[in-house]
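One structure is given below, encoded as structure tokens.
Residue numbering begins at 1 within each chain, and the chains themselves are lettered A, B, C and D in the order written.
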């Protein structure tokens, strides 16, 4: 049985595990005040070409979104996002739990469009009753999106311009940022994100760490008493070094680039395999998630040897299924998929 | 430099690390629905002799306290605890952030006394204005306490009786439960906790895991839709198996017992060393935290070779300092301390 | 200048004011434990033919919605409503502030449709990832809706049936319930609401009181420690009798019926006047809100003598405007409107 | 039966009721955007000799405290107050419900002492673990206190100096401010409060209005989007004019002064009556609350003709009882008390 169900089916990249082993008995201070965490921050500042960034490490994506949004929004503000945005759908109301409304925008292919955003904002502030409504305070984007699509640098700039005009903060959820950065279709660098974002995070969990997300506040933008608020949200780790060591390793040498490269190469192989066998796509992406349309018989046969997720029911016979690659995707699993499709179509 | 600063200065116990390495490339479902997590739950049920318990794994102690308390308290309820309780002092208001008041009780040596509790409750409900006050809904205890002291089984039963009389839930924070269970002065077993608690947690972070706490709800007491609420609090891990593997290993064979034994033995060695050199104690415990009184000169000399925390200023010259042992405390470090004290007193 | 801007432009109905004056120097206990509040509860139980109802009085509509929803929803639950529902739009995120997500359903003419609701629920629970989503726990309806439309008894029953099937609570916001109850097109009584709702409120502010809303929990459904939670939300009045006296008067004799009758009769007069002058309607209702379409010139002329709200911009020249009647609407104002339209069209 | 139970046993002062009656049919905009509310703000600015103040009207005291504190505290901050402070005891956790910890200080006679405050703050920030604790952000005082005692101008200045040194905001709960301002022992004016406070409120409910509290933000200190946050807390009234009319009347001519004078004069009469009959005081104040010590027999006899509250049990026979006067206290009731005590002692 091979899994294409997601990019968090295994443990950690061997080089990260090796480093955790090597450093295991060293004694360090707790709560992220250790040398590894400091070094990881330095390496990320360097990767971003952003020497003034504040960098912080949290354990998971939902946690990171909830902490950052609740900390950066004023009490009367909500957060705008694509209707398919993770915070709007699959975080069990974690943002609302902190008292803030999620304001979903109509979206296509998972993306917020600058013009749609601007129209929404213009209508909102034209409405004389807007003071009785939740004031938009931030735009949340995912790069890549939940559907695997990418914002171009031009699109991001357009959104940023709207944010500036309406004094909104801009935040990018980078749970799978590694696959955007490695995609041949991508033209948005970490440095670009530093230029337009008030905060963003570089995902670790889906990039080969056991867990962990690196929050970047460009230009010393870390909110006052941020560490206390992280603790208040139950998001501070006693052995904070475990986050530090993992990210320090990820951003040492070319590991991050290699993991991204492998993830994308296997994704493109996967995409080609489906193409070769005439399987239609509902969303063909240049990142590590591929959305294909299978009929019941095809799905049932594949499910005997592979794990993958049903994404959406199309009709009585056909559904959209998601296939995902990662740093751990093997040549063997791709070959097996190719063979399985051979006899199937 | 040796650290006695806390019990989370190193990584994970080598056997846990080994297991993480061995299982690293196995593919499992996410979010704690893997076989390791299931097995870890089984082992903990067995260790508790409590086949009906629901067991859940979360990442850290403050997170666990905030999730459990907010989930088990009704909206109008607060939680009673010792004035020195972790939730009352060092969690940055994590419980209040969920909307609930912490109600500190006068306490001695870090412990809630059943009679003090009962008096407080009787006075509270005698006050005709109590409906304008936060209604007590739960008692929070730490075993061992924040000062390293222990509740006896008799004391726990007495508190439980009061809780029953006033319909309060009882919750035990077991961040360092391993050191209570291994202490020669302890007479409270995991099974005892299952008998009197509505929930408690078995700490992993301070017992040799990288991180992680195992929440036990005896008698299928897991709150409805608990997983969704864990997600809502940002406390669910994508690679939940990492928690499962660590606890599965911790409760396999006699590892948990061995770790506890080493921690306590080194603590008693430490205690004896201070005794031998005539260093006075502010709180001499039978768990892994020892609180000694040093003058400025003594502290300065020791700080050249050891890390440890100042706990409380006593006067211009003397302060209380905390020394902590763990699974990772070495013979070498204890000998070094012995030598350092030799020339000092 | 006459105002058709809303139904809260004046003070209180003279009979209510008279009663407040007559009772002014009587001394009563505070916090709603007075005889007037008790009597008001009795009268409402009688009006509802529901002797087992618990009745409670709060100050305003948004407050009432926020208190009731937060108190009746479990922590992991959200509330379903029409996309135009007051809680989804014009309450500044008051429900989200209590930690709960508002889940808007596609709606027509301001109404939730039972079939749409059921489809939504079926899809929701069919989605295997639903445990990562906000669980629907309640349906919120407004009777009449924010667009002045009415649910029929048959429609309410159909929604109730779906709620039962999915174990959702049903709550009706009756800010303008008086105009529903008085409408010739209405077939839903207070008793009907008691049969299908877990809670609903009878609006006072828009029915001739200075302020105040009467919450009804049929069948002793008041949540435990409700008074304490009302206090916790800052929604308890020291001089609670002011609420009691107003509602006691409103439900004495036929005052409530007379106020409703006047409100609806003037609304139908208003509607006829627009009709007579050929003004088109965007939403022609049988309650006290009428939505007409005016061009810029018409609006400007009317604005010289009348106050009314622009509801929605249709195109460069035309907009929807809302005209509202109340207990205080005068014959004089209607005649003036008739005359003004005379020369206008 | 006469009531000395509290200062909210009757309706509104007749002049306020008269004004509500006179203005009843005037049509005004809703939500506090009417001329009366504007005028009331002007009069309060004048009474405070503070032309730059922002003034806002809310319905009740707990509501006002919860809104203001949650709006002025940053997410990581708590509020310091006397251990007997209303927010710490009798508001059912309304402040904690907004996510903020109340930090009670040891207090005497209901008052926060500047030196105690400063010591607390110095110790707090000396503790290296303070970043894991709730950061103090504000000091809450009540003038007069819950025990009827008064802060002198010198005491307030001393507290203000500490607040400045530690960058804390200062807030005064003026639920009974009228009795402080009218007391012969008082030397703190409204203008003084404007000089030292970031916000304070002037109580209406206990000063002769049906309900309502006037929040003052000196020097245009109103938080951004304050109205939206008031709405978000369910604290905005549709007929906001009712608040405006009441406060406009209260601060027209010398009504506020006259009400205060009557309240204090009757309080001093009450005090003298108890003195004359040799009844001991537990707290003898120069405001409108007097705390006397009665034995069981005395209390039982008085309870036949008077309503008053038991405040604290002293021993098997004796308790502290609170007697309160107000604008509505009659000569007749005082004479009756005098007579009743005659035969009693």
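By definition in this document, a residue touches a chain if its C-beta (ideal position, glycine included) is under 8 Å from a C-beta of that chain, and two chains touch if they have at least 3 such contacts.
Just so it is clear, the model here is predicted, and its values are computed rather than measured.
Trainee: Between C-D and B-C, which chain pair is linked by the larger number of C-beta contacts?
Mentor: Result of the comparison of C-D and B-C: C-D.
Trainee: Considering only mean CA positions as chain centres, point out the chain farthest from subunit B.
Mentor: Between subunit B and every other chain, the largest centroid distance is to C.
Trainee: Rounded to a whole Å, what is the gap between the Cα centroids of subunit A and subunit C?
Mentor: 42
Trainee: Averaging over Cα atoms per chain, report the distance between subunit C and subunit D in Å.
Mentor: Distance between chain centres: 34 Å.
Trainee: Measuring centre to centre with CA averages, how many angstrom lie between subunit B and subunit C?
Mentor: 50
Trainee: Find every residue in subunit B that makes contact with two or more other chains and list them.
Mentor: Answer for subunit B, listing residues that touch two or more other chains: 76, 91-93, 97, 99, 131-133, 228-229, 231-232.
Trainee: For a test of understanding, state which residues of subunit D touch subunit C in their complex under the given definition.
Mentor: By the definition above, subunit D touches subunit C via 1-3, 5-6, 8-12, 14, 17, 20-21, 23-30, 59-67, 91-94, 97, 205-206, 210-211, 228-229, 231-239, 241-242, 307, 328.
Trainee: Mind pulling up the subunit D residues that touch subunit A in the complex?
Mentor: Residues of subunit D touching subunit A: 70-71, 74-76, 99, 131-135, 224-225, 227-229, 231-232.
Trainee: Provide the residue numbers of subunit B that touch subunit D in the complex, in ascending order.
Mentor: That would be residues 76, 78, 89-93, 96-102, 126, 128-129, 131-134, 310, 313 of subunit B.
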